[in-house]
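To keep things simple, chains are lettered A, B, C, D, E and F as they appear, and every chain counts its residues starting from 1.
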Amino acid sequence: MSDETRADGRTPQQLRPVTIERGWSSQAEGSALISFGGTRVLCTASFTPGVPRWLAGRGTGWVTAEYSMLPRSTNERMQRESVRGKIGGRTHEISRLIGRSLRAVIDTKALGENTIVIDCDVLQADGGTRTASITGAYVALADAIEWARSEGHIARKAQPLRDSVAAVSVGIVGTTPMTDLAYVEDSSAETDMNVVVTGSGDFVEVQGTAEGVPFNRAELDGLLDLALTSASELAEIQRSVLAEGR
Amino acid sequence: MSDETRADGRTPQQLRPVTIERGWSSQAEGSALISFGGTRVLCTASFTPGVPRWLAGRGTGWVTAEYSMLPRSTNERMQRESVRGKIGGRTHEISRLIGRSLRAVIDTKALGENTIVIDCDVLQADGGTRTASITGAYVALADAIEWARSEGHIARKAQPLRDSVAAVSVGIVGTTPMTDLAYVEDSSAETDMNVVVTGSGDFVEVQGTAEGVPFNRAELDGLLDLALTSASELAEIQRSVLAEGR
Amino acid sequence: MSDETRADGRTPQQLRPVTIERGWSSQAEGSALISFGGTRVLCTASFTPGVPRWLAGRGTGWVTAEYSMLPRSTNERMQRESVRGKIGGRTHEISRLIGRSLRAVIDTKALGENTIVIDCDVLQADGGTRTASITGAYVALADAIEWARSEGHIARKAQPLRDSVAAVSVGIVGTTPMTDLAYVEDSSAETDMNVVVTGSGDFVEVQGTAEGVPFNRAELDGLLDLALTSASELAEIQRSVLAEGR
Amino acid sequence: MSDETRADGRTPQQLRPVTIERGWSSQAEGSALISFGGTRVLCTASFTPGVPRWLAGRGTGWVTAEYSMLPRSTNERMQRESVRGKIGGRTHEISRLIGRSLRAVIDTKALGENTIVIDCDVLQADGGTRTASITGAYVALADAIEWARSEGHIARKAQPLRDSVAAVSVGIVGTTPMTDLAYVEDSSAETDMNVVVTGSGDFVEVQGTAEGVPFNRAELDGLLDLALTSASELAEIQRSVLAEGR
Amino acid sequence: MSDETRADGRTPQQLRPVTIERGWSSQAEGSALISFGGTRVLCTASFTPGVPRWLAGRGTGWVTAEYSMLPRSTNERMQRESVRGKIGGRTHEISRLIGRSLRAVIDTKALGENTIVIDCDVLQADGGTRTASITGAYVALADAIEWARSEGHIARKAQPLRDSVAAVSVGIVGTTPMTDLAYVEDSSAETDMNVVVTGSGDFVEVQGTAEGVPFNRAELDGLLDLALTSASELAEIQRSVLAEGR
Amino acid sequence: MSDETRADGRTPQQLRPVTIERGWSSQAEGSALISFGGTRVLCTASFTPGVPRWLAGRGTGWVTAEYSMLPRSTNERMQRESVRGKIGGRTHEISRLIGRSLRAVIDTKALGENTIVIDCDVLQADGGTRTASITGAYVALADAIEWARSEGHIARKAQPLRDSVAAVSVGIVGTTPMTDLAYVEDSSAETDMNVVVTGSGDFVEVQGTAEGVPFNRAELDGLLDLALTSASELAEIQRSVLAEGR
């Protein structure tokens, strides 16, 4: 792998500065304001006893997510989806990805008949908004589960979280595989891959897309290696943030 | 006026702590993260040369605003308006109020054929979200205008801002007129009034509503007095924030 | 106050001719076709036993309102909101205002678990459509309550109406405060204020907006005086219309 | 044909009282408030020079119609289509029928590149709202064309109206063919037919539907005879109303 | 009636080649892929035990239909109605027509509290899509009823189908009455009539529209004669297709 | 890899029977009815000279896709998205995937300023609808390009297609990696991966999702091997279908 430096001075293998402000919201049962460099996402977890009707009576819980961008999170203002009257394809796709990623590490039996809705609202966007969302959402989720345990909604010994989960984007810029792409890098990447990885290093999602020329098996393997390394760094940051008292 | 203390220890005439973080967003031409106690609103101003088609060729600019609440800004999660597929009445009403309030202090001729869109996104809500939005929006607007001047979109000597503008909610809780109502106070107020006032102390908007029993002329007069006093404190805070270098 | 005459020959303090045709509809439980000069609004009150689910079991009733304009009520045809697929901000705002105004004079306990929906459909618009709507809606509401009493849905001795309610627009045209603005006056007013007043002379709503330059305290006081006088004339007209047999 | 009397005392061949109030609206270029017994429809015609883009440059005009019912025009209040966010099938179908009926008697070349939009808003419904709409719409249309001629939008000698048009509902109630069905008759009719006929007695639309058992050729023939007779009475009423000065 | 030949070589009284492929879908309880020449419609019948809530407890079933065109079923691609976010007037109108036509031959008591939804999706359009839909829908419906009987959802001796139903379009092209109009004929027809007829030769629907000049009684009679003849040929084709083992 | 047989008798490495009926539609410029076993998708390609406004003047073309399922393509009838009034997340996601996959093999410069819209309508669904759609869409696209060349819309020597593209779903069912999952297999798969591959064996998209437990690197590698083998078989089928005269 190359060691050429990037526009912001990073090496290809280096994440942007990651900060996670736990408990940013005093309203939500769990929350985290996460930054991947200039990308800032407010993740809140809303806990409600009970489940949607179609799931009732099975003894299992439900976790879902909604992703959205503020209209001026980006360099040019976008129209609000509430004003357009419908949710775009990209928004749907990312909301579904975040939900699936979190459900992959949730034991819904241990969660009991409870619902947790995660909201990921992008306050400022500079690439990697979906991967920052997943990574921050996990922290908000973990705190909401702790809250529910302390309130008696979840049994003291139940372990709804089977593992942690984090996500990173990797891509081939020019011919160099790079991690955690900033917006300008993402725009010029030939291949763009979002990888969601558990704390123990298994894959939850692998989504690779050729933006320009298709990629071969060797390039794919290189990107997967890079993603696993970065994801384990993110898992370590999540662990240390959650180790602090709330 | 009574001097009984409130749940949060304030006197009836006392505002909650007000903080304004200018330039919170690195994407927008102007921005301010404003807090009125637990209420936090991110205000961004998006400047675009040119005006909507229906206004073109008249040499005047356009300022408009959109207000929105994050789904978990409140104590119970609300459904997103983008998911419901339509914008609620309250949202429309507040967006229109913010826009009118800002236009009252804008000289659209001096602005030239330029458009400024203000987004007020409530990150956390504890009463007074519309008044905090107006107060913060003015700061974002002022910065966007400075930016436009520095970029040459507005003539160096043009003065698009004729005055400053701020807003405060006042209400009768029990029998006591109080300023800057927090959510619990607002919920129990007999009368609720939002007042938008210029820096020079004139009214832009007066919106008083009897939530319980109708109010008489003397009560109305008392509330207006209180509002004018609080608004002049907010104007002073705006002035001092804008006096700092950006 | 000035006594200069207006385009239609009125003095500044003079209402336009007001007519209220009670029971215009043979379908609704209460109805009134009200005219404020060229403004004509059909107000119907629909009574239904029972309340929305969120209110059930509390022993209180519910009153709500919907306002709409026929597409060719105005000088230029407007697109129908049903065709656009969404309700505009102004429509929402006025519907909410009418509902709040009526609820201010309703004792929902005395109404019992019953729902009354008021529809105000503007057949022809010449300024003051919201104030005519409120004034006419009260008459339709009163008749619907009488109907419900006669049908046994409301106890014979219950008094759901605590007071009457009427509304008037006042504004400063040029420098003259004027009442009940016609469309051409409203368009050129510097300040526009809608005031909702009970039959006993208390305020339910005060909504003043500077269309041009902000207004000062003395101007506000003058407008409030004028509004109270006009509102008491409207209350008298309502009383006399309701005194006739249905 | 039977001569048994109906609930409202009519013979099977007798129309309800028909009244047409021309020029009801002072805003529209043409208007008529038409009553077929308890059914009351406000028809307005909005004239605009020019045509929709897809028709421009061909020297032909455009006539279209929109039908709507006020929410409390009926015995039970219906939800507004603007609130539901979409227009129902029945509304679409009737709007299209009215438009086609009017276009059948319009010479769009003689109309020139002008657009006329007809709005038919049902204020009170008691059966036959679509046939009353068509019959009233023709009067509003005729007046709008006269207005356009007087304003010089249409050449003095142009004859955009080739004929008049009116509509009537006929049906088999029990075994008796009856004309101009009131709501209770329409609800119990075995077969329901709406027939649109020109002033010279030709068909523009024939829409017959078996609500209960299918109908045979003889029954169809009987209904068509009845419809032609009633339509000629309506044409006579239209003629006499239009013969009066406006 | 004329015997001049048409663009595709048919006589005026001749249907296009009609094919019905029963059981095209292995998912639906009944299905038919019907062709009227180049028009191809996939009709599926979905059987569900139970009825919509507003019909429950009356011992009667429900049959309804939805019609839709694939975006490239036509010569120029149309925008999908799901993308436009609303269903057009024509689609609503045809869906309602198909539903009414099928209900005219269904004994809903004999159907019991069961629901059958018919979907008619036009895969390729060359005129007569609504008449082909009705004709094919009957076959799918008949198969779904057989399926329900074999599964025990409908009593062995119940006869929910009182008759068969088919539909045909007829029109006056030039001055010649013609049956089963192809797209080019339909576009140039002066009068266009869709006629829905039972197997025993009674009318369910007659919908005639003057596209150009209004039509007189004699022309109407000629078209009805032609429609009855064609409909009986379609009924014969339905009978022979249903006579084969499934 | 295991050689245990599946419910339908296939080996884990075996595709279902694949058929491609080219030119199924006589309306579209290119079309293919593709079957992967019980999954049947009608793919049409609509060619239009010119590009959307945002792309005009750059000399490049545009290819986009829309995916949809007929309501009764599945075992239980689904509500139409046109009826619900909005397009679901899954539909958006698959439409975007198909579009990206096709664009990966298109040289938009060689296409010139022309637009091709691919519609993939699922007539019957039994797993793998998105992969069948991509595979069939390529054939329709190739034919539309040939058509455009023959009509002179594309230069005779231009080669807009750089390669072919096909897609296959692979997954781990139990512990066995299997290709081309039928619906029952897909529902029970632990991991589900859709892989889009060019004719020359490079990746366009890799989308792997852990439905149950996360998957490790070795499992991922096994699935990728299987996908590449199946994709090359599909490419061979595409080649042979396109080698036949149209």
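Please note the rule applied: a contact is a pair of C-beta atoms (placed from the backbone, for glycine too) under 8 Å apart; a residue touches a chain by one contact, two chains touch by 3 or more.
The structure displayed is predicted, hence computed values, not measured ones.
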Hop distance check: chain B to chain E, minimum number of steps through touching chains? 3
Between 0 and 180 degrees and rounded to the nearest 5, what angle rotates chain B's CA atoms onto those of chain C? 180
In terms of CA centroid distance, which chain is the most far removed from chain A? D
Measuring between mean CA coordinates, which chain is farthest from chain E? B
If you average the Cα atoms of chain A and of chain B to get two centres, how far apart are those centres in Å? 33
Report the inter-chain centroid distance for chain A and chain E in whole angstrom, where each centroid is the mean of the CA atoms. 51
Where in chain B do residues touch two or more of the other chains? 85-87
Write down the ring's chain sequence, where chain D leads and chain E follows directly. D, E, F, A, B, C
Of all residues in chain D, which touch chain E in the complex? 86-90, 92-93, 95-96, 100, 104, 163, 193, 198, 201-210, 213-217, 220, 224, 228
Where on chain C is chain D touching in the complex? 25-28, 31, 38, 42, 44, 46, 48, 66, 68, 70-75, 77, 80-87, 91, 117, 119, 121, 123-125
